[in-house]
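Scroll down for the structure; my scribbles are underneath it.
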Amino acid sequence: MVGPAGGRPVLLLRSLSFVVEPGEILGLIGESGCGKSLTLLSVLGLLPRGLAVQAGSVRLDGMELIGAPQRAMAAIRGRRVAIIFQDPQNCLNPSFTIGRQVGEALCIHKLARGRRAVRDRVVELLTEVGLPDPEGCMDRFPHQLSGGMQQRALIATALAAGPQLLLADEPTTALDVSVQAQIMELLRDVNRQRGCSIVLVTHDLALASQFCDRIAVMYAGQIVEEGSVANIVHRPAHPYTQGLLACLPMLGRRQQLRPIPGEIPTPDEVLAVGCAFAPRCRHRLQECTSAHIELHEATDGHRARCLLVRHSPQPVGPPT
Amino acid sequence: MGVRLKDRLGAGPTLVVGAVVVAIFALDALLAPLVAPHDPLHGELARRLLPPVWMGGSADYLLGTDGLGRDVLSRLVWGARVSFGLGLAGAAIAAGVGTALGMVAGWWEGWLDGLLGRLADFLLAFPMLIFAIGVITALGSGFWNLILALSLKSWVEFMRLVRGQVLAHKQLVYVDAAHALGRSGAGILAWEILPNIFHGVLVLATLRVGYLIIAAASLSFLGLGVQPPTPEWGAMVNDGRNFMLSAWWLSTFPGLAIVVLVLGLNLLSEGLHELLDPRFRDPGIPR
Amino acid sequence: MSVRGPALVVAEGIARTYREDPSRLTRVLLRTPPRQVTAVAGVDLTIGTGETLGLVGESGSGKTTLGRLLVGLEPLDAGRVIVDGLEVGRLRGRERRRFRRRCQIVFQNPYASLNPRYSVRQLLGVALRLRGLRRSEQTEHAVRLLERVGLSRRHLDAYPRLLSGGQRQRLALARALATGARFLVLDEPTSALDVSIQAQILELLVWLRREEGLTYLFISHNIAVVEAISDRVAVMRAGRIVECGPTDQVVRDPQHPYTQALLRAVPRVPSASC
């Protein structure tokens, strides 16, 4: 539960829970305002000023992260959990060389001693992320690299300390589609070769379905559906997911796009009780707005926050 | 223009205090003939150097009289016309000229912009007072010459501000949209860009009025501004200089008047800035 | 290349290069040559009346510049553009106004293309004035336009900052249509919007096209979106069109290696297997 510290009762994330298994890639899908970025920030205790975790827990390998002392968190950030953001240009310091920035990650966590060792390790990392001419790149500044290369450098910085979990907040949204494909391949390699789990936050359902193992769909601060990619994409249970799939333009199927009526609610417009999506939902029932709705299991590992699922555990079927 | 003033006024005592102070002085300046108890130019020599009423003076002359028997209060009130008027006129002219030139420089760039830029650099090299003294020595003193001297240097700041703003806004998409809808260059400047930068000019202008009042007062203090017997606060401070120990009220009250008015103007400027600037972050959404 | 209807827009050999001339002093003293970037390098295209041509390209391909050249927002360095019989670039004064009534552009960023100082009514007023409507007639026209794009009379006196992204784009569309234009250049009109809103706007565009008999040039970096709305597709790269043809054909059987690479890179939903 995340909301403004200091009491104004507008919750931005509500009873959000999910589990990331070691070695898996979890996709967190949602449109703007659903809270997906906030979710990542809460894990690492990086919420902006004015927001705080009001309830709930985040556990890494059994260790509780919420409320952990700053020193413990500093040891976690970068070392066991790393995060990469959307716009590589804003994340890389324009005044320092790439080599220096990647090396910084190593030095903070005391993983290499001495300039020689640090340099060697940085070159290794830059090679791992697929940068051509890693030695040369080391001495270049961020603005001398293309967007794709900057993002690779950023990933190198994130991987420097060998994290178990990588949080990726829309890492390819600012990139061209061909570069996007390459970066996603890189992330997949990182996942396979290092066994590093990844939480991929994106608004692009097609992208997530191509690269993730499991997907969680968010709406208005809650997870409304989660399951394997196959289940989510071919047997979506929640009307919002169904709506998303029906309105996504996808190559190869010249289908009629069916938009979801209405607008995404702002945090203070969200219904206090019941399903946040109800006002826009075609299958809306009386009870949808009268009581808190839990995640109901449709099939094994596939759950949706919808009363329709509770009534008929078999998913409602492909988008009508 | 959209935002409810009342909502925003609650957000800043700065604006209210500033506005009230300035309003008082403005009213005072406008209604001087009605407010001042005496003729500021006429002195009763028999009643010179009377102290303020609470120090034993006469109720006829609430704040005392000066060396020529003139009522300090009346001179103070009429002086508002002069001092405030000088600042206002100077700032208005500077703002008008500077904004116009800034728009031209920012929009067309090229040699004109270069020329104005060099001119601006040149003028900015001079401290205000030195420059004004130079102008006045050349042209003679007096009300309008004083205004000329003050605005001749002040327009530069407005030009720079507006030029920068125009350059920035020129790149924004809504300007493209206006082009596509058929507006011409001049039309875009006047109707699209100016409304967006106007508040910046207003805030700066308000601040400038205060600055120019002080500059005018300084010049008058030096004897280069408004000539006697016209009441002007700076000149009054100068007149009272010789009597600082015996009749302190002669310099103090005009000095206080300057301080309070300029403070009020600064607060008003600050308040306007707060009022006008962040209003685009207004979150209210009626769907 | 089959083109539906008579050609409404014809562009021949158009080019646009951005030059940056360093000051004369620098040029003489340091011998720095003028820097230049060629955004569009010799493009020919034709759009038939009632047709939607999709223009796909990555960043830096010149697609935005191409769109702007067609509406006369940028000067041509070479070639000609003829829209509805009027040659863009040779227009002065009244002719130019006539042109603006035929051809309009909708921009990508709904937050920046509407002057924040103007209310909806005033924004539409500028466009309606172009059409020659007097103040008294404008209100009714404005309301009708708003309703056509899915907004309402209620929005007339609102300011753009109070509208959501999707609503602003609807307003931008209304404004473009207010001039009476039949040819619209849509420059990434949905790229800044959420997916569900994007679908709404695309649906609106399709509906308007049918209702009002519009012709579109739809520019986007997202080929899936372009596929959904276009009759023909042109693929642009480094200032040139490398492939152009009916949408189905280009998507299913791309000829140019760049197009093939582009299509390969697009994320696709894995097909139903279990």
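Each chain carries a letter (A, B and C) given by its place in the written order, and its residues are counted from 1.
To be clear about the criterion, a contact is a pair of C-beta atoms (placed from the backbone, for glycine too) under 8 Å apart; a residue touches a chain by one contact, two chains touch by 3 or more.
Keep in mind it's a predicted model, so treat the numbers as computed, not measured.
Trainee: Does B-C or A-C have more contacting C-beta pairs?
Mentor: A-C
Trainee: Per-chain Cα mean versus the mean over all protein Cα atoms: which chain has them closest together?
Mentor: Checking distances from each chain centre to the full centroid gives C.
Trainee: Would you mind checking which chain's C-alpha centre is most distant from the centre of chain B?
Mentor: Ranked by distance of C-alpha centres from chain B, the top chain is A.
Trainee: Averaging over Cα atoms per chain, report the distance between chain A and chain B in Å.
Mentor: 55
Trainee: For chain B versus chain C, what separation do you get between their C-alpha means, in angstrom?
Mentor: 48
Trainee: Would you kindly tell me how far, in whole Å, the mean C-alpha position of chain C lies from that of chain A?
Mentor: 33
Trainee: Send over the residues of chain C in touch with two or more other chains.
Mentor: Counting only residues that touch two or more other chains, chain C contributes 164.
Trainee: Where in chain B do residues touch two or more of the other chains?
Mentor: Those would be 285, 287.
Trainee: At least two other chains touched by the same residue of chain A: list those residues.
Mentor: 263
Trainee: Inside the complex, what are the residues of chain C that reach chain A?
Mentor: Residues of chain C touching chain A: 58-59, 164, 166, 194-200, 202-203, 221-225, 227-228, 247-248, 251-252, 261-270, 272-274.
Trainee: Okay, in this complex, where on chain A does chain C touch?
Mentor: Touch list, chain A to chain C: 31-32, 176-178, 180-181, 184, 203-207, 209-211, 229-230, 233-234, 243-244, 247-252, 254, 257-261, 263-264.
Trainee: Show me the residue ranges of chain B that touch chain C in the complex, using the header's touch definition.
Mentor: Counting only chain B, the residues touching chain C are 1-2, 172-174, 176-183, 192, 195-196, 280, 282, 284-287.
Trainee: Considering only the defined contacts, which chain C positions touch chain B in the complex?
Mentor: Where chain C meets chain B, its residues are 68, 71, 73, 96-97, 100, 104-105, 107, 109, 112-119, 126-127, 130, 154, 158-159, 161-164, 172, 175, 179.
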